[in-house]
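The same subunit A turns up in both complexes below, where it pairs with subunit B and then with subunit C.
Let's look at the complex of A and B:
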């Protein structure tokens, strides 16, 4: 009898301890989840938000490539190894680049500008128009990206993009990050660090890197929210779209170009 | 009164037939291995890169697809426009059309980044994409031309001959319009953004398809010693000359239209003057080999009577045509896009035409082998087709073929 009472007592204690451990382990997750107010991953994005970016070329420092490096790190682009036997020159022309530095000179005035170029996240994206399989698509929140399950690697979107923003994966991808799945034979491009946004964050890797270096040339946020930093900055001063003549209503705007 | 025309399977001696088939199949097989090699390693083993995204396989594929719709023309002249002399030529015309399209599509598909996902392309459509429409147009072409061939060859299907012929003709025009529009709708690239691309592609298809048709016709008739009279060849020769001239006219119009707008002067200077290999291919390939030389032969009073010279003219139209597509597709990509009109790009991390620099591309051997493999597939299908089916008339001698011949 005593024995069975002892056993019950021990069981009760075990269950209590177990419950306490579980509570300690789970509670922070629940609390954090609530604090971050992230959109549940299962919910569809809506057009209540339009993600956009302002690049102030006047603040873009000559010779700086922090945004490029940050993008490569964030999306695992630099995990690709040069295939054995590939020439350095060819490899550099074939390796995917989602963002690049460009230095341009005005033909008349001689004014020189540095700026980062990436997918401009058009409202009317030519890449989406031409894609035969709907792999190229524009999310309701304005992000233009590639569905890697539908992409057949025809590269028609690369022919159509006026910004040369897309890259083709020319080699076997042996290492990749879980947050940025990719593979040989598909097309890819900047997606505004969509994994961060879907995780409740509100900045891109390039923006963070630029700010960390003290340049603050990149402002990112919700164009539909009049109170957002990017909306305020765009309202305050004039900005331009690259190839505005194509009337694509880009989500990336530039100042000082 | 025209004699009745009988058709019979190609009765080339068995040994020669199998030898021919083995050689063609081997070439096709090598093309297949080249595709496997590129697919296994990824496109880094090709000359293509993020600047020149469509390379030599696309040149072969587009050439074959354009030629396919053109090869059907010979049949259409008979079935739609009731030209009696062309009617016996119809079965080979339809067969060649199917064969060339198959070869071209194989090259196109095997050059995809993910050819294993062909089923995705067949089941998930974006109807705003001209590519998606082309998938439907190409598949439809096989079915419609197949049915047309059936109505030509089967007496019981005779009542459907006319509607099938008209449908096939209309379909082929729409198909080539679709192929040309792949380029016509690319607003970002100066070389392509032009409505003339669609009709120009149709005119090119007339020439390429007919030249291939004439080469095949002369060759297969010669190999099993069937009579091929001058009446037919004169008709085809005259037609080819008109098509080649029309192609030249469209080419001139395309470049003159571009030259009218100042913004395109740099692009035109690139193609016409300073583009290195592209300029050479334009003047020597597109203008001379694909245009002026064959025209000179075809209009020459004595040379045009010789089968050897006719063969040479047809080969020139084919080779010059291939070069034309090369200049359009690859030259058009090599010229840097106008990312910043009015500005010069001094530095770029992504080859954006720094100081107007041209994008580099050198065709790799596997790409060329894949393209040639596609040509071989088209010929294998043709050879098997004429061997198994009653495609070829027993005789196309003048007294048989020519309705006005005095017999």
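Let's look at the complex of A and C:
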């Protein structure tokens, strides 16, 4: 065990030292990173991993909603149907959204920034603090989730979240996916495609969609692994936490905002 | 005279009890109809998690244990995973489409209907395998 850890450490140090060289040597734009470790199916998650994300808002294209669509497909949000008699306006306000497209304009300069806003997977999540039933919880690997078995739909967490990341399911849900259970009266939010991670995959649907469209604005991985792509990216250039003043130590970081 | 009446009532109680047991066992026979169904479970000789008698009484505890492990600890593919129960026990109709397990007479509903226990899982969980 110790030997293999030593080996890994050496390998990482070697990669770190040689990062500049490999960037040139392998191919332009191709970097060598340690691949995120897949967890065996039957094992519990541990705090050895902390999943995190870096969003480069400068690469986020105006008018693009690929990440939102991919998220909706992956998590069955597009299966929800508008209740009879509800206006489009009301439905748009009520339909659960795990990612919101946010457009920010600097009124002084006129500069417009687009960014996807979702659950920031805080280390100190206010939603978990206020939950009266422990339905809101933070998994050992840093994913903040809702345990719908315990959620009573009080929506305290929606009030507490500074990022407006949580949604409430108002109506009976007719169609749902096996991987994404959903029912009336519970709160929900982005869970970093937890079913994928538990099945040994190491990417989220939004990240894949963004890369497929050639924007590559989303980098996802293990923040605890200094060799992971996301850790390397965070180390190389500056990034910010949104509402850093709240000292929540968010798992989602932004660049270019 | 009094003793006789007592004996009489005892016999009557016994008869009622026997009748009730017969009723239960005949209904219990209906519950095992899934063995004749079109589900994957119907083709399996050996029970997968535990034997049928254990599962009839304790499946809710098994599922609850699995749900805590899965949701809160990220353990997947465990015994008692509800999605696995459904994948194996769901029947197919003539066209090969899945019949929801909570539909009348199907695996979950038939038994829950008989014992008059609400079936809450499917307020959130899919009643057929959907990927």
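We adopt the following convention: the second predicted complex is superposed on the first by the 213 of 257 C-alpha atoms of A that agree within 3 Å, B and C clash if a C-alpha of one lies under 4 Å from a C-alpha of the other, contacts with A are read in each partner's own complex, and residues count from 1 in each chain.
In this section, contacts are C-beta pairs under 8 Å (C-beta built on N, C-alpha and C of every residue); 3 or more make two chains touch, one makes a residue touch a chain.
Treat the numbers as computed from the prediction; the structure is a model and nothing was measured.
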Touching partner for A:119 - first (subunit B), second (subunit C), both, neither: neither
Touched partner set for A:54, first subunit B, second subunit C, both or neither: neither
Subunit A: partner with more touched residues, subunit B or subunit C: B
First, second, both or neither for A:145, with subunit B first and subunit C second: second
Touching partner for A:218 - first (subunit B), second (subunit C), both, neither: neither
Touched partner set for A:184, first subunit B, second subunit C, both or neither: both
Touching partner for A:242 - first (subunit B), second (subunit C), both, neither: first
Which of subunit B and subunit C A:153 touches, first, second, both or neither: first
Partner chain(s) touched by A:70 [first = subunit B, second = subunit C, both, neither]: neither
Subunit B and subunit C footprints on subunit A, overlapping residues: 172, 184, 186
Contacting residues of subunit B [partner subunit A, same complex]: 39, 41-44, 48-51, 53-54, 112-115, 117-118, 120-121, 124-126, 128-132, 134-135, 182, 185-189, 192, 333, 337-352, 360
Sites on subunit A touched by subunit B in the complex: 65, 68, 83, 86, 90-91, 93-97, 100-108, 112, 117, 126, 128-134, 150-156, 158-164, 166-172, 184-187, 242-243, 245-246, 257
Interfacial residue positions of subunit C with respect to subunit A in the complex: 67, 69-78, 83, 86, 123-126, 129-131
Interface residues, subunit A side, partner subunit C - complex: 39, 41-45, 137, 139-141, 145, 147-149, 172-173, 175-179, 181-184, 186, 194-195, 197-199
